[in-house]
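Inspection log for the structure reproduced underneath, given as structure tokens.
Chain naming follows the written order as A, B, C, D, E and F, and within any one chain the residues start at number 1.
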Amino acid sequence: MTSPATPPATVTRADGRTPDQLRPVTITRGWLDEAEGSVLVEFGRTRVLCAASFTAGVPRWRKGSGEGWVTAEYAMLPRATSTRSDRESVKGRIGGRTHEISRLIGRSLRAVIDVAALGENTIVLDCDVLQADGGTRTAAITGAYVALADAVAWGQRHGHIASRGKPVLTDSVAAVSVGIIDGTPMVDLPYVEDVRAETDMNVVVTGSGTFVEVQGTAEHAPFDRAELDVLLDLALAGTAQLTAIQQTALAQELR
Amino acid sequence: MTSPATPPATVTRADGRTPDQLRPVTITRGWLDEAEGSVLVEFGRTRVLCAASFTAGVPRWRKGSGEGWVTAEYAMLPRATSTRSDRESVKGRIGGRTHEISRLIGRSLRAVIDVAALGENTIVLDCDVLQADGGTRTAAITGAYVALADAVAWGQRHGHIASRGKPVLTDSVAAVSVGIIDGTPMVDLPYVEDVRAETDMNVVVTGSGTFVEVQGTAEHAPFDRAELDVLLDLALAGTAQLTAIQQTALAQELR
Amino acid sequence: MTSPATPPATVTRADGRTPDQLRPVTITRGWLDEAEGSVLVEFGRTRVLCAASFTAGVPRWRKGSGEGWVTAEYAMLPRATSTRSDRESVKGRIGGRTHEISRLIGRSLRAVIDVAALGENTIVLDCDVLQADGGTRTAAITGAYVALADAVAWGQRHGHIASRGKPVLTDSVAAVSVGIIDGTPMVDLPYVEDVRAETDMNVVVTGSGTFVEVQGTAEHAPFDRAELDVLLDLALAGTAQLTAIQQTALAQELR
Amino acid sequence: MTSPATPPATVTRADGRTPDQLRPVTITRGWLDEAEGSVLVEFGRTRVLCAASFTAGVPRWRKGSGEGWVTAEYAMLPRATSTRSDRESVKGRIGGRTHEISRLIGRSLRAVIDVAALGENTIVLDCDVLQADGGTRTAAITGAYVALADAVAWGQRHGHIASRGKPVLTDSVAAVSVGIIDGTPMVDLPYVEDVRAETDMNVVVTGSGTFVEVQGTAEHAPFDRAELDVLLDLALAGTAQLTAIQQTALAQELR
Amino acid sequence: MTSPATPPATVTRADGRTPDQLRPVTITRGWLDEAEGSVLVEFGRTRVLCAASFTAGVPRWRKGSGEGWVTAEYAMLPRATSTRSDRESVKGRIGGRTHEISRLIGRSLRAVIDVAALGENTIVLDCDVLQADGGTRTAAITGAYVALADAVAWGQRHGHIASRGKPVLTDSVAAVSVGIIDGTPMVDLPYVEDVRAETDMNVVVTGSGTFVEVQGTAEHAPFDRAELDVLLDLALAGTAQLTAIQQTALAQELR
Amino acid sequence: MTSPATPPATVTRADGRTPDQLRPVTITRGWLDEAEGSVLVEFGRTRVLCAASFTAGVPRWRKGSGEGWVTAEYAMLPRATSTRSDRESVKGRIGGRTHEISRLIGRSLRAVIDVAALGENTIVLDCDVLQADGGTRTAAITGAYVALADAVAWGQRHGHIASRGKPVLTDSVAAVSVGIIDGTPMVDLPYVEDVRAETDMNVVVTGSGTFVEVQGTAEHAPFDRAELDVLLDLALAGTAQLTAIQQTALAQELR
């Protein structure tokens, strides 16, 4: 492939975006009445409900460590997709993809949590995809961070987290997908682009611009170093915008 | 117990309602972009997403019968409730309560479907509780009927259902909970009333006012014939209102 | 439908019974040598073995409450029915119907137990259908009550239940099925009637004639208030007879 | 150990039997109304219900072979034993012991079936232990043979099995347990003897006196060749008596 | 059958062996770097990896008894056989055969362990079949004993097992298969002989020549007493050779 | 962190290697007698058995496509690690990590297979870890490629794959882990380094040096672009060496 170093400005995508443009992103805090943190996050038509459940105490294997625990579970409603999928609860087991994404979300959030500052408390993030149009895992990470921040604030307000001066959240975290379609690198792929991508990468980045996860897969053709570089540039630019959207959302008064 | 024959108008409930008053009910059609029918139904703070998936063809055991099939699956998101529950997919099996409600919804809808007029097509209703505050099964039935009506219309518009003059839906169906709290019969119980009810009944009624299901349970004290009669009256009045709300929702143009 | 208010005396059923007549009912106590209570109950050809297992102590979540616990499990042998069914243990999961009936039996028995008088003891009722010819759940409830009574007596004889003057069993409980076949309301349906019933109802009633459960289902056609009333009358008459049979059985010396 | 070659006639067992004496054995045919063959078999207090289900046709992997298939499933009711066991259906899986015994019963019956003479028909034997007091697998095999014989006769009467002159059952089969308790070899061990046995053996023998299975286990102490010989003698004598009881049962008119 | 009392010396088997000759047997100790005992055992092309895991402490139900516990798990890699089998982990359950063999290995090893001398320690034997060519369970028992002996020695060297003069291992144990093929009794059957055997027997014998398990099955034709005797002679001769091979292996310095 | 751009030559690792040096790698082809391709691959003490099973035909969903299918399953023996893990077959389900690695291996191999040239044939790669000391997934991919190549050759030799001039394997594929330990980037991490790595990356690379997968995870601290670049350099150098080792192995005559 010849120099893909800059996404060509002249390419227009099916939904009218330029290659380096995100879909409309909205973050609605406090979507649930009871959860300690909850966010409905939308990347275009992709809609994920992120609920953070705060409980005092930690699992047995962590008791007495003085450290907290953050974990995540990802799932998709059966009709989130264009054709219905069977429920994993009915099949009696969780598929590999579900496991993989749950673990990814958990690792991403733990990268910005100071478990010692959290103290012996547990926060579980449930990310349920209500509608899927590509990028569900990156939307989930981006929304889950905001729900997590609200749950941490809840724990502080209610005295479960001691205020020792050290911040519980050491940074923020957001994620975006990037890929190469017909030779053009693009950011934030909806389903129609995702299935056609030669290469597909999910990148998780902190608010300060360092990498937490880089997961690139050659779906149809291996990629070279130059292509990898362009994709990483696009991802860093995209996550920087998502960081700003997260900060704006968190700056508002929670109803 | 002395004559409970009329709900006393003087009792005011925690949320300000009279004993025979429903919570605010809203039905939002077309909540999903891809499903053939979809409804977000709200009974107060209870919020259920009902998705109807239409597929041409029937399960193998029904092939060649000329008849269609309608079935339902009910589930609850882990943080729909005030404390988090484990996912049934993670536990690897579906609980008895989930099974029971899924079967109830399916039977209720099949009571108003003419499977011969539907032809060899299948409609699956997924009712996922996003937030639970009592009455999730009755909200699910009430919303699922509207999603079902939209899916039937979709099947007719796309030529999967032949128009032979016979209606596919022979009636509408709605459901409400009733119960006796501190000796007072009441309709549409939120969680705080539900846990205190001496007797709890879910009643499924057609648009023309006949019973599809009557499921009454003495939670704390057996009930007599007079109490049963009052509860049935309350249920018939409540479902009549729900029928009207369904008709209003269906009369609007689907975006 | 025109006035179904009285079951017509002129209708004769396939097995020769009148519409309001029970099948021959037998209750054999002490069918097992080791169980604290055990009953083989027969409603015509339907045969259910009810075993009550008494254990001192309660599940962890109930410890220290001073209250006992009664629960039930229902199952069917694979060849209880006219064609063989697969075992739920082989399929690796319990079906919805099994769950539903187990829960129904448990609730019915708990309606007549004073858990405080029982003290911190647990009684598990296993109701295994050896032969099924309709009405297995109602036979199970009717027989399980007798096995429960024997297990309570065993607990008292062996000093596990303190005698504080308060009775452990506050009432007795029995159940019967009723339904409308070809427009005629009938009691205690065998399989051939059950599959043809337009409406099918299981009613659980205490010895003093109050309702514990009313579960009516329109299998083929919704039913109106008048029909419901006739069915309830039939059920009350039928359960009154079952109560008498239970009392006779319990009055005999247990070998 | 010194010569155990002859069971000493002077030893009396807890239940009054001599070492080489079987418990009272009864075989009740036609215990179920619908099964093609059914037997309630009792070895003392051990009670097993054996149901034979005949179906025309064979599993897919055997189609077109011209040969039939016989298989068995063994299970125990939760309160068959002196303390209650959890149901395998509730635990969601079948234990090793259950699997092992099911396979043993199946192999034992297949040893006396001519699958070619059976033709492409399937017979499933369900052996459910209603009460367990030792020897449940040997009682199951002994009773299952009789139920199998009745199912074969049913298949012949109903024209599913062609009569080509060749017998479908080439022999009969019965089984008994033997063991050494306190140095004394004994036959047909009830539970109290079984748990104390140094060596425990289950022996499956045809009507003509040849071995189908020999399964000996040193529970507490390895056994030598001389002890093995005595146990085999006892088993052959015991199964010969069981064969006679089977023949007597099968000679009667089935109601 | 006429006198099978002596295996005819003139019969030559497909692999060139005489009827009473074992396949080449090798025992490689210390095959794993971390396990407390580990053996790669080969009976011809059959290859089983036996790993013994020693842990201080016992399961809860055995705590305070002063006695240890030895158990075993057997499994087969999917491509151990000539055609691939599905993984039991993927199927989500363990088959009957696997359960049966795991239990057999555990019982065989416990027959030569003095659990009181072992003290409250647990040893788990994992026997994984890397390649299967008949006799996998007998190879597993023979190899597992050597791995167990190494694990016991490890426990003594590391002070987990007190040295009270009493040996932990009271004897050694080995196992071999025997069978009758075309009327000829033979020892140590590879797959091609195993599938053709009329009778198949697995015999587990201590180093001092007493029986731990005798499991004989008539695969195609019941066997008589004379045949049984010849098979037992062959098995005792074969296990005596295996005992010698075990002793030679254990006499070497473990690297 | 200051410029990590070149791994410092002066750092010596616990096992004596330089930061950019692989562990001793051996590839033993034909380790199994029956599998169409089989390899025992060793990266230091990590030992993985890779078996390729070739079957003519494809799963139903791919029939008639003219294309073949390659898939993989990864698993670990219970005592592959320094302390024993429970079997996934016993737990009744496969963990997230196992699923994730199985999918990674499958994708990596499919990146170098021309499924059209393979024709309607299926190759399953079973990668079973016999001993684990870090890098099991990268060793599995590296070994599985060689087993796959042998299975493809087998399919060609036996006429299952038509020779149309187009190669079935379009390239080779190998994988290696890289990570940053105490600020030093290193290649091919054993367990002791892996647990201490701040950042851990698995990189899958074709023989021609393009990327198939890049999976980087910040275990303890997010990493910046410069660090990422050094790690990618190390990975490309490491996989180039592995490619050479694969070629040498494949150049030898298979016994």
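Basically, contacts are C-beta pairs under 8 Å (C-beta built on N, C-alpha and C of every residue); 3 or more make two chains touch, one makes a residue touch a chain.
All values derive from a computational prediction rather than experimental measurement.
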Handout entry: Starting at subunit A, fewest touch steps before arriving at subunit D
Key = 3
Problem - Interface copy of E-F among A-F, C-D or B-C, judged by whether over half of the contact pairs recur - result: C-D
Practice task
Could you put a whole-Å number on the gap between the CA centroids of subunit A and subunit B?
Solution key: 34
Exercise for the section: Can you check how far apart subunit C and subunit F are, centre to centre, with Cα atoms defining each centre and the answer in Å? Expected result: 61
Practice task
Can you check how far apart subunit D and subunit E are, centre to centre, with Cα atoms defining each centre and the answer in Å?
Solution key: 28
Problem - Where subunit B and subunit F are represented by their mean Cα positions, the distance between them in whole Å - result: 52
Handout entry: subunit A residues counted as touching two or more neighbouring chains
Key = 92-94
Problem - Chains listed in ring sequence, where subunit D comes first and subunit E follows it - result: D, E, F, A, B, C
Exercise for the section: Within their complex, state which residues of subunit F touch subunit E. Expected result: 32-35, 38, 45, 49, 51, 53, 55, 73, 75, 77-79, 81-84, 87-90, 92-94, 98, 124, 126, 128, 130-131, 133
Practice task
Name, in rising order, each residue of subunit C that touches subunit B in their complex.
Solution key: 93-97, 99-100, 102-103, 107, 111, 171, 201, 206, 208-218, 222-225, 228, 232
